[in-house]
Amino acid sequence: MKIWNWIHKLASPPHFYRMAEFLVPWFMWPAVLLILIGAYGGLVLAPPDYMQGQGFRMIYFHVPSAYLSMLVYVVMAVAAAIGLIWRIKLAHAVAASSASIGASFTVLALVTGMVGGKPMWGAYWVWDARLTSELVLLFLYLGYITLRAAFDEISKADRASGVLAVVGVVNIPIIHFSVVWWNTLHQGPTITKLDNPSITGDMLWPLLAMILGYTLFFVAVLAIRVSGEVLTRESRSRWVGEILRAPGQIGVK
Amino acid sequence: MLEARKLSLWRGANCLFQDLSFEVPPGNALLVRGANGTGKTTLLRVLCGLTRPEDGRVCWNGVNIEKEPEIYRSQLAYWGHLGGLKADLTVLRNLQFICRLNGLDEAAVQPVVTALSLDRCADLPVRHLSAGQKRRAGLAGLLLSTAGLWIMDEPFTNMDDNGKELLRQKLKQHLDRQGIAIVAAHHELDIPGHTLQRLTLGAGQ
Amino acid sequence: MSYRKIFFAVMRRDLQVAIQRWGDLTSPLMFFAIVTVLFPLAMSPEREVLRGIGPGVLWISALLATLLSLNALFRADIEDGSMEQLVIGPHPLALIMLSKTFVHWLITGLPLIILAPILSVSYYLPASGVKILCLTLLLGTPTLSLLGSVGAALTAGLRQTSGLMALLVLPLMLPVLMFGARATDLAADGFDPTGPVYLLAALLVLAISLVPLASAAAIRISLD
């Protein structure tokens, strides 16, 4: 029981709001730092790839975005499931705020994949398994966002889109597997550096730095967005009024 | 016994009810009154477990209806302003379906049809019935349940005097059997031999 | 009351309603037929071209026809209040949703499978391909109906839904399309289609066991 009380206190909107306000800088600054270091390491320090030359450097942006695009969907679905099962309003706010972040990472992964693929494939788009999966993932995000927007009532939007997110997360591995299967049947396995990097140490550490940096960045952005979401949702309550009236505060910090 | 404990519901910025509590013991009826838009239907839907209140809970015999929904639902009959009947099917077929779902023998349909003077239109598709006949067919569906709790939304709408009297009788029988009834209505309602609890919405409870 | 009885009670009533509304049933079939006519007109009537795109075209048309019919799957039930009654009834809602979806498949999916061999003649599919086309449709269209039932349940309370339905449901339906079309293609070229056929069967089993739970949750939310 004690742990439940603790979880409920932690998940209470005012408590979360204050915690987020405190924690955001602790995630945002290391994220910016790691991304700068990773970008420098990847774009300047790492040696050019012997097969693809300079073109391979796009993986320093593509791989972290692709990884985040999937991670965010899982975060969204888990949050939605928690919201549906234990009726924690904060969890719904997390799911709702995740969607557009995830969609942005997906777009980024698609764009970097296309630009990075151009020198290799000679075209901006090929029906490569990973790109195709990303594209389908983008449609899943768009479906989620559009469904939310179609509801007037926020609690209904939360629950309906939550069901969709859970159905989607069960489907993502199936979709991914079937796309890979379809791809190998039609084209034979395309060996790309984006898929299968046989990477040396001085190529690898910038990539890891970028992945960690992107993840921290996601956490920080999520916390900011959830704070805003929570303020809108709780606009009737007294604690929001106090925050908005406090000197020097205009909405979400 | 049906209990509402501190129910609150908002529609947007509009508060329909807040900290609403009442209890209805067996053999009693609650008459819910209020002008249009005061949340009568919404309250009934909350009591049915269709709409989730923002705060508070509904308890059946002391147990939150969300904890043991099957037990509660087997005791519940709801007659909303949508009849719940299929317009393309005949009255008889609709009622037979209700019987089958309630686990009753289909022979139970005929007496109810006769009691509500629906014999002449029993073989017509529901879409061809008059508004009053549709209401009677809906009432027939309610009478084919074994539920101890009746929740009725404006049951007297579109009923002729005869139908109203019939409905009052059926309500009395239900209460005599120690049933519970929740009735939302515009009008005053008297059931001989029973005193009704009253709840008026929208009057700043 | 046994689950079997509930399943058949709901199925019987929905079939009775469906028979009364015979006209509604034929439109997905007509759609299926007319879409398959479009491709030769837009592309080329050459035997080689049509033989190549045939399995894909037939599967896509079947998928779109199913999607079209799914839009109104629960609309009437919600408007006349009968869904409300089922939701507050004591019986497991997932079972009722399964029954309703099964009826939907019986009246739209099954006719598609009967029509498909006739239409496949115009795409010069060999007999082996036609056989597998029917088998994959038999295994695949119930999965499509089930996945569609979640979309239909989620959008049941909304006004403008046809575009939204496609966006929600099509990405989930992709694996079925890929396996179905590919198996037909393999069989038509004289290869062994067993792999994708088994995968389709696996998807169907998975869908039958999980999807009704999601539809039930979705319809409760839509009625709130």
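Each chain gets a letter, A, B and C, in the order it is written, and its residues are counted from 1.
As a convention for this text, contacts are C-beta pairs under 8 Å (C-beta built on N, C-alpha and C of every residue); 3 or more make two chains touch, one makes a residue touch a chain.
The structure displayed is predicted, hence computed values, not measured ones.
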{"item": "Maximum centroid distance from chain A, chain identifier (CA atoms)", "value": "B"}
{"item": "Chain whose Cα mean lies nearest the overall Cα mean", "value": "C"}
{"item": "Mean-CA-position distance for chain C and chain A (Å)", "value": "32"}
{"item": "Whole-Å gap between the CA centroids of chain A and chain B", "value": "48"}
{"item": "Length of the line joining the C-alpha centres of chain B and chain C, rounded to whole Å", "value": "37"}
{"item": "Chain C, residues touching no fewer than two other chains", "value": "224"}
{"item": "Of all residues in chain B, the ones touching two or more other chains", "value": "52"}
{"item": "Overlap residues in chain A, where contacts from two or more other chains coincide", "value": "none"}
{"item": "Sites on chain A touched by chain C in the complex", "value": "84, 136, 139-140, 142-143, 146-147, 150-151, 156, 159-160, 163-164, 166-168, 170-171, 174-175, 177-179, 181-182, 185"}
{"item": "Footprint of chain C on chain B - complex, ascending", "value": "48-52, 70, 73-74, 76, 78, 80-89, 93, 97, 100-101, 103, 125"}
{"item": "Interfacial residue positions of chain C with respect to chain A in the complex", "value": "150, 154-155, 157-158, 160-161, 164, 167-168, 170-172, 174-175, 178-179, 182, 199, 203, 210-211, 214, 217-218, 221-222, 224"}
{"item": "Of all residues in chain C, those that touch chain B in their complex", "value": "1, 5-6, 9-10, 12-13, 16-17, 20-21, 79-82, 84-85, 87-91, 223-224"}
